[in-house]
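Provided herewith is a single structure, encoded as structure tokens, for subsequent inquiry.
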Amino acid sequence: MSDFVVRSPRWEERVRMSFASQPLMAHLGCLLGEVKPGEVEIILPQSPGVMQQHGYFHGGVISSIGDVSAGWSALSLMEEGFGVLTVEFKINFLNPGVGEKLVARGRVLKSGRTLLTVQSDIVGVQDGIERPVATGLFTMIAKEGLEL
Amino acid sequence: MSDFVVRSPRWEERVRMSFASQPLMAHLGCLLGEVKPGEVEIILPQSPGVMQQHGYFHGGVISSIGDVSAGWSALSLMEEGFGVLTVEFKINFLNPGVGEKLVARGRVLKSGRTLLTVQSDIVGVQDGIERPVATGLFTMIAKEGLEL
Amino acid sequence: MSDFVVRSPRWEERVRMSFASQPLMAHLGCLLGEVKPGEVEIILPQSPGVMQQHGYFHGGVISSIGDVSAGWSALSLMEEGFGVLTVEFKINFLNPGVGEKLVARGRVLKSGRTLLTVQSDIVGVQDGIERPVATGLFTMIAKEGLEL
Amino acid sequence: MSDFVVRSPRWEERVRMSFASQPLMAHLGCLLGEVKPGEVEIILPQSPGVMQQHGYFHGGVISSIGDVSAGWSALSLMEEGFGVLTVEFKINFLNPGVGEKLVARGRVLKSGRTLLTVQSDIVGVQDGIERPVATGLFTMIAKEGLEL
């Protein structure tokens, strides 16, 4: 468990419900990995639709799973009645997106009243060996009344 | 036409071939819009798979079309035998992704020997009216021998 | 004049007061250029303390004037009683920082209730000729009760 | 010591020489902290010229020390005859810049042939207690023949 304060007893259920309701996740074939307060993993197995023309995971897809892992990491710290939106993000690609699956690991760096700063590290996994693929910094805003 | 110097007589064909060979484009339902030296448009009509749970275009999808419009803007200025890869990018979301379609307009700001800096503006279009959705700055690297 | 709505009759005075009260501006030798609603220019003449070891304007200094031009562009749109803070920014360096002076031109892209997105373009000027040096995207947050 | 391969026996001397030759460092009052392969610390004691108008360290100064800590982290891994330039960077501000001094800790995430990705964490220190102030991601390019 991380050091973050949980503000809703339903924090985990809220993340799982939000994941389940997001059409892009099914469209890309994403799975939810570990879910902790302030830290959420998204897993993306390789499939033809998420690759670019050189046989690697597509950069846009890598960014997308970074973004959602960051978003749900932030959501896990929200009180009831609040959702989150991405304000902006930045991602650096470190190595080609290679592997049987990608794992994006979001982790809240700073949880303010209005804004949250989240880092997400994306790794490629092959035969149990991880290799860094990308890292990003995300700014999220808490919005009252936003559906999950 | 922009002010950029064209380094390959096949510059437009190369962009069109690269677009056609990228599985994610078909998977998302993207179309190629205007193609000029240093400037490439990507069009994304609304469809269920590219939306998030609140009925807007998904942030990851918005980033993805920004990224590819930037990448092909850079590719249009490459000489024969060179492709481009995204080094990193940053995107700010300005308004919710609303509209019958999104248009991402890449435009090279600086074309160096190794690196290119590209801006991409993404707008939502409804009944012919455009509204800003996001803007991003992308760093691309020229790679010899990279297939389109 | 830009299209932005002015929310304080003292908008220009507020920008000029805030500039005058910031020690770093005097320390670097910055001047205030054009001030319009949503658009503020900062001018930095060459001097030994703001250069790096290769004889160019220092990247940190280039970022600093981008940041303050963006901040005061945002401040010019605030109502009375509100100040702004930088949440995050991103800057791409396009050409070496060369010239008798630098000019940073901030321009608000989106003015929301809580957050503002601002672009700043930094150019080097020599004998009246401008050359792009850097461009950045800045996220600013409006804070009630923040002194200018 | 970090895991990075040292490519010049003079790696540490090169970092120290480069630091000493950079006028902005003296102008701001920066000190060099720990220097390891791929990891360099910059220390900035509080002084009037580096503060903004609310009594905190100025954001531009925070970015500047992040940038140079990242740059020298990259330089420490260069072979003889190569220097580094900042291509672009992104910084998120986490807490106000408070403390008797700031420490910026650069750390290379990926050292490629041409490009390096570096993270820098900036903390404020008061009475031996550290508090996060900012974190940034930096892209550096290796340049042959660049003076340190």
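All chains are identified by letter, namely A, B, C and D, in their written order; residue positions are counted from 1 within each chain.
To be clear about the criterion, contacts are C-beta pairs under 8 Å (C-beta built on N, C-alpha and C of every residue); 3 or more make two chains touch, one makes a residue touch a chain.
Owing to the predicted nature of the structure, the values given are computational and were not obtained by experimental measurement.
Novice: Between A-D and B-D, which chain pair shares more contacting C-beta pairs?
Specialist: Pair with more contacting C-beta pairs, A-D versus B-D: A-D.
Novice: Find the chain most remote from subunit A, comparing centres computed as mean CA coordinates.
Specialist: Using the mean of the C-alpha atoms as each chain's centre, the farthest one from subunit A is C.
Novice: Using the average of all C-alpha atoms in each chain as its centre, how far is it in Å between subunit A and subunit B?
Specialist: Their C-alpha centroids are separated by 23 Å.
Novice: Can you work out the whole-Å distance between the CA centroids of subunit B and subunit D?
Specialist: Once rounded, the distance between the two centres reads 33 Å.
Novice: Rounded to the nearest whole Å, what is the centre-to-centre distance of subunit A and subunit D, using the mean of the C-alpha atoms as each centre?
Specialist: Using C-alpha averages as centres, the distance is 29 Å.
Novice: Multi-chain contacts in subunit B: which residues touch at least two other chains?
Specialist: 87-88, 90, 92, 117, 137, 139
Novice: Can you list the subunit C residues touching subunit B in their complex?
Specialist: Checking each residue of subunit C against subunit B gives 90, 92, 94-95, 109-110, 117, 119, 132, 135-137, 139.
Novice: For a test of understanding, state which residues of subunit A touch subunit B in their complex under the given definition.
Specialist: 18, 21-24, 27, 48-54, 58-61, 63-65, 67-68, 85-93, 146-148
Novice: Which residues of subunit D touch subunit B in the complex?
Specialist: On the subunit D side, the touching residues are 87-88, 90, 114-115, 117, 137, 139, 141.
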